[in-house]
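One chain, subunit A, appears in both complexes that follow, with subunit B as partner in the first and subunit C in the second.
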Partner chain A sequence: MTRVATRWCGQSIERVEDGALLTGRGRFIDDLGIRSGTLHAAILRSSHAHAKIRTIDAAAARKAQGVAAVITGADVRAVSASLVAGVRAPIECWPIAVDRVRYVGEPVAVVLAASRYLAEDALELVNVGYEPLPAIVDPLAALDSKHPALHEGLGSNIASERSFRYGDPEHAFARAAHRVSVTIRYPRNSCTPIETYGLVAEYDASEDTYDVLANFMGPFSLHAVMARALKVPGNRLRLRTPPDSGGSFGVKQGIFPYIVLMGVAARIAGRPVKWIEDRLEHLAASVSATNRCTTLEAAVDGDGRVRALAWDQLEDVGAHIRAPEPATLYRMHGNLTGAYDIRHVSVRNRVVLTNKTPTGLNRGFGGPQMYYALERLMQRVAVELKLDPIDVIRKNLVPSNAFPYRTATGATLDSGDYAKALETALSQGGFAELRERQQSARAQGRIYGIGLTAAVEPSVSNMGYITTVLTPEERRKTGPKNGAQATATVSLDPLGGVSVHAASVPQGQGHRTVLAQIVADALGLKPSDIRVVADFDTAKDAWSIASGNYSSRFAAAVGGAAHLAAEKMKAKLARTAASQLNVAAQDIEFTGGRARARGNPDNAIPFSRLAAASHWSPGLVAEENQALRETVFWSPPELTPPTEKDEINSSLCHGFIFDFCGVEIDRVTGAVRIDKYVTMHDCGRVLHPGMVAGQITGGFAQALGAALYEEYAYSPDGAFLSGTFADYLLPTTTEVPTPLILHIETPSPYTPLGAKGVGEGNCMSTPVCLANAVADALGLASVDLPMTPAKLAAHIHGAEKSARRPV
Partner chain B sequence: MKPVRFDYIRAGTLAEAHAGLTSGGDDARIIAGGQSLVPMLSMRMARPTLLIDIMHLPELTKIEIEDDAIRVGAGVRQAVLLAWPELAERQPLLAAALPWVGHAQTRSRGTVCGSVAHADPSAEIPLTLLALKGTVELSSQGTRRRVAAEEFFTGLMSTARQDDEMIEAAEFPCRVAGHGYAFHEFARRHGDFAIVACAAIARHDGVRLAIGGVSDYPVARDFPDIDGDALDDALDRLACDLDARDDLHATADYRRALVRRLGRATITEARRCRA
Partner chain C sequence: MPRLTADARYRVHFELNGRGVEADAEPRMLLTDFLRHDLGMTGTHVGCEHGVCGACTVQIDGVPARACLTLAVQANGAKIRTVEGLAPAPGRLSVLQDAFRRHHALQCGFCTAGILMSLDYYLRHHPDPNEADLRKYLGGHLCRCTGYTPILAAALDAAEKLREAPTNA
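Coming up: the complex of A and B.
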């Protein structure tokens, strides 16, 4: 790939997004005007984890003030099709309960009324006759065939089971000096964006066309799922996004069933329908990350060198296996050896259904669950073999000269220098001082621990990795799937202005700013000369199935596509300039708002005049040099489908993270105080340091929440216990310390700008780093999240001694 | 999250507020800062048909010293009391407890008496009022009475207030020279309702300890001037008497452990502060 000399990329320029946001002028879904006659939807949701719906009596609700319609599963079923499920099985997946509810919060009826207030009033008048059924909450219980299947078409509650074998794990285990294992129960949690789901849906009966404005984030592969469910060709589902979105972190992928549901509602009512999800709905029934039970065993040499891993993963996707699940389980498949050089791996993956909210995308997406097991295991190797945990990590890292490195399970680690990153972090982060600090704290009788984590952060997902859930034979039948198509468009207007559009669907990250930097660099302009539009319309904009805002793909894939589009535009402009300036096209350089002859800066033409030429005097510009609008679709050739041996390059780029931390645990309360946290990142070329720091800091805060505070908890009967922000605790600014962020840069050879993703890494590395520190502090072999004070205090206080203890 | 339809009166006089309560009965509610009531309305957990806003009555906005007590009117916001220059001198326990009430943002809206009326089992202000043996002033159309804090809190978010009554003021007894005061609390995050909150007042001949967050309402107990094993035993008895329960945030065991340990730390600090 060619590299350009850059000026703006690498600088933390002011975000163009912030002026509007900081002055309250953002344009979020709920701020936008609606057509007169638009109805407001409220959803009646199941209070049962599992029940048959015997009757729904909506007569009183239909007569209530302002109510236009009440819609139930039967109505939806009549005009739409089941959503395509995530596995090949004869099961249905509707956006509203049909005959049966399978989780608390599942939609049962939709009331459409003149206002949300009136719609909620009428909800109270809908009477549902439930026949409760036993609920399955524990994923281990879901394996038991004595429990009835939640989806009869599956025959059991195991939606998918596959085993994999790479290298010769049996041999490695047979000759291993030691076997070390961990068993993990990773809880459910979510990144809870500040803005909830929202949409406005319309249906035009004369053209049989749906038009939906929604704060959906992609991936737009789900556009196909939605169009099929609505029983229209893709060109009759127009999906648009608002200019601003208040955060997503993966979660706003999960609005897609509601796009179908409200599209159908608009069709039935014959009027536009607006729905803004409230916080209670969001917590109970948007999407959750998966909870997972993992047993991971290592075959280890006497010196701590890990030779083989045996994974047994049991993934709980909740009540429906909604597309793209079970992607959470397979996203990390190429990376099951983490940052380590381990050649022998066996894997058993099982996916079960339980009476909980269906799962979906969530920042980290499979990484937190996987690294929790792998990095707890690495600590246990050190403890059980009485080795220094740093040395265990050092000994097993992928060697610096091995890149690009093909992992046992098929990922190509594109670039990196893990040893250098680790040693740099230890010295710049003050690891030796931290160990001294621990010693002196312990000498004073304080409870202090140190945790470590090494992780590879994948970004730019291969759209084909999910097909690893299919057998090679099944894949041959369905045809290969792969790639990560990114799109960007650069246009010139008649005044020579440059506009950029990319199908990246930002949710607050600052894509518009970075795209302006990238295009300004290519065209020798200032970022303020470039106008970037980020709202998105499937009917007008260039897009493909991989479009959207997920798998940390923006900097690496979308930014790269914008760079290529700008370069394509520049090449055309250079040829026109060459003819006007009487020099060869390769001698034209773009700088300071002008195109000029290299070595003769006075022989120049203003950029705006050159850029406007194809509008005003197309006859004077050769056809092949017409420069009006350039769109680039870019997909990296490295993202190939799974091989016959189930090897999968699940992501294009692989950043590296090395974290360490010191924590102190209060003897009285059991509360964890983070004394120091250091996070080293190699995310390739950094385009905007401020935004990279923002991504790391934000991911760290959410990870700290997962480690210490957050859990979507259910009671044994399936009741949802985390229904408000008083129950589901997010860390606030007082709980989140400032991590020390360090960097080294090894550019990716596979992306146009050398950038890699950085958005999800700390969600993967930080929960287990904190857990390793707590385990070190308390001498625990096993610790599960969230590490609440009550849980930890039980280890410190021991069994309650009081003779008066009530029973 | 939209409330049920309700009427709203902005009371221009106390009499108007009383009249609204009389006519509305248990369907009427006073709204002051709204920091607890509004979320309950939005979640339809409270469904009054009439809200009476008392935040525009100047007679309710005063902080006064009366009979050796700080009399805090029903319109006084928590932030205003916290910023009152005499607070730490007049009642150090209240000054120590108030920063634990919610967050700066909620304190700038929430009122002192609103917290007393709401009577959340984990709330700091009811706990402090009980620890200090304070008094609640209630009034209704034609009646007026004073109820001791120990009689006021009667159950989980329930009080001795009658449907037609409103809290006009809460009275927090002033510091007694020679007594020591201390407050400790543990919550999972800063600003959350307490898992366990402790307020202690050390006299020369004994100590009074009040515990919030464990029972349905704050509980106070007076101990003689004991220490060592005798105090441990007394704290254990108190911990086991409180009917601690498991919930999402903490186990009953854990709450009892905190009553013993945090209770002891609070008493020790109060004694240290005893002049």
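Coming up: the complex of A and C.
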């Protein structure tokens, strides 16, 4: 890692984004003007979880006031191709139902009309004849071959199955003093951004070109999926994003099938089409995190040292295995041993299809599901062996002197000091006092528990990790996939102003502010001197498949690329300055808006004059020093493809989290009250403390919702039960306490600025930390999310008696 | 209440951020859509359209209300204040807005307008709130980015500054 100036990085400066956002002048997708003649789309959605479509009668709708077109699956099929599915199998995945619906909310018809009001009116005139089929909702039932396959090309509802073996797990289990196991059913939930999906799509028949403005968040590997579905080369799908996007948390990845659908709709109608998803559509049919059934077993020594893990994971991706799934299952593959030094691991991964909404990116992405099993298991080890859970964690942590540490499954833990982080959290967070508090609460007869979690937070995904789903032989055939190109551009204008652009596609994370800090530090300027544009356009900007805002990659990867681009620019400017100031280039320093000779501050030139030189007098600047625009693509060499033994460095950076909490459960209602929550983070170098705190408190609140309230629930026949915000309960100010946030810093040696991701950690650590506390309070061996009062009250009072029937 | 006909359009007049506006609306037109798409005031956001998230909160005759649960024709003759009316001048922020910026009390900014409109009202009528009061009051707003902690800090800070110099609201 290079040593970098840090005048601005590390400070919580005010965000440049906030002035517009606070005064109602944001530019979100639905705030932007549209071309006259633009049609508004409304989508008719399936009310059945599983049914054949016998007929669609849209004649009356087509004649309705203001309606320009009604589009069905047959129309879409005629001009586009199926979306590439996430596994190699002869199955199709259309953005609208073709002959068959497989989940409640699946698009069946699109009405295009002069206004959204008129389009929704006409939806009621479309008559669909369904022939209902039995629905499969439970992923365990999907394993049963007696149920018909959702996709006949697969032959069953198992979309993928692979087994892995690292070290010698059989031997470790055979000689283990104890075997401890947990069985988990992790529910479906979603981070539900407050702004829903939105897009405006146009098609130009003369050039066979699609132009779509959408609040998509990446990854732009999906651009290739969309272009193939639209049957155009990549350069004929221009995808742009609006300047502002109202949150995403992974979810706005899932707009991509609608980009294809509305692109096709615009083509058929011959006019631009605008679609803004409403909340009911979003909850039922946008995208969801996966639900997962996991059995995890540990081989444990008598003193609590875990020697081996045996994972059996059954992933439910819903009705279609949409790209990039089954990535949720493989994102954590290198990290299946969490923060622990465990050398022997076996894994069986199965992916099944059910009649539920297809899954996709959601904050934490596989981490919540995985850590729920692993950290429940560590608590059970302590309980079953009658050990202190703190000691079980201590005994198993990756040792402080072991970094960089290669995990059994292939991740390289870049840096850390887990023991120090844990001990610092215990002392600064007041763990001893919390135990006293618990004792006195219990002495008073109150139900009080303490939970702990240690977790490694991966960030900057290796685009090749998903190929771990293929066998080594299949990978040899398809060629190795790896890396993650981050990109940033720094340019100078004729007045010497500095502009920055990065393909980072923020949804509120303050990227413009942090990029200004980074580039200001490199060039000796102030952040206010730097103008950063975060709107993105595939036709004009530098980008690659890893572009976008996911896997907490901004600070580590994109921020790093911006730093490298600024340094490249600076090196050229320094050589020009050196010739003008008659000193060696290495003796030029950039500070206070000037380039000057080190040790002779009067021998200086204003930055703006130097920066304008290549515009106004290129003849005076040596060709190799022309400084106008520098673009850096940066892909870390550590992100290698899976090995022949299926080891995968699934992420570049690994932060560390240690959480503990105290909860009290109301003896009458079963409601959980969080009495204290402490969260220790090591996210490497912190670029903006205020934003890091915001990522932690924000992730914590979402995780609290997942732990206590939120579930995308389905009835046994596949009906969706969480269709409004009155049914899918998000936490508010009255439920979310303020956590105590602590930090240590071990900079990553693999990123240009030493930063690591921090955005997803609490979504991984907090649900299970709260569950461990609830299990401790009630003495439960097993508890599943969400831990609603009704669920916990049953543990306190016994199952509720059925209501007496009237005589 | 006058009886309106579903397929007719009605002239709606109201005062918006201190200035008179008028435009035609069908009876079913939501106030959110009217403000955003007919009057170009896009600062009021739509998050759920069923009255839960609070993003669309505006002040109608001085009282916070969900614009997504209000018809445009219901606003006829009213005084409406939206987020565009909070700042004292272009390029300047109100005390509350400035506190939000200093405390990083927004990330994506989508829910923010509604929270500002509610807090602007609340602090005017409850100049010395404690954290528990604010937690109870703001329970009608959903924010997915911040975890609420910095919003509460900003509100308490703004309340203190407004007590010191109430005319700077």
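We adopt the following convention: the second predicted complex is superposed on the first by the 798 of 807 C-alpha atoms of A that agree within 3 Å, B and C clash if a C-alpha of one lies under 4 Å from a C-alpha of the other, contacts with A are read in each partner's own complex, and residues count from 1 in each chain.
Just so it is clear, a residue touches a chain if its C-beta (ideal position, glycine included) is under 8 Å from a C-beta of that chain, and two chains touch if they have at least 3 such contacts.
The shown structure was predicted, so the numbers you read here are calculated from the model rather than taken from an experiment.
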item: Touched partner set for A:G599, first subunit B, second subunit C, both or neither; value: neither
item: Which superposed partner A:T732 touches (first subunit B, second subunit C, both, neither); value: both
item: Which superposed partner A:D278 touches (first subunit B, second subunit C, both, neither); value: both
item: First (subunit B), second (subunit C), both or neither touched by A:G619; value: neither
item: Touching partner for A:A701 - first (subunit B), second (subunit C), both, neither; value: second
item: First, second, both or neither for A:Y117, with subunit B first and subunit C second; value: both
item: Partner chain in contact with A:G19 - subunit B first, subunit C second, else both or neither; value: second
item: Between subunit B and subunit C, more extensive residue contact with subunit A; value: C
item: Where subunit A meets both subunit C and subunit B, residue numbers; value: 117, 278-280, 724, 726, 732, 734
item: Touch list for subunit B against partner subunit A, complex; value: 1-5, 43-44, 186, 188-193, 195, 236-237, 239-240, 243-244, 248-254, 256-258, 261-262, 265
item: Subunit C - residues contacting subunit A, complex; value: 26, 28-29, 36, 41-50, 52-53, 55, 82-84, 86-87, 91, 93, 97, 100-102, 104, 106-113, 116, 134-136, 138-152
item: Touching residues (chain side subunit A, partner subunit C) in the complex; value: 12, 14-15, 17-19, 21-26, 28, 30-31, 117, 191-196, 244-247, 249, 278-280, 507-510, 690-691, 693-694, 696-702, 724-726, 730, 732-734, 736, 738-739
item: Partner subunit B, residues of subunit A touching it in the complex; value: 116-117, 120-121, 278-280, 668-671, 709, 713, 721-722, 724, 726-727, 729, 731-732, 734-735, 788-790, 793-794, 797, 800, 802, 804-806
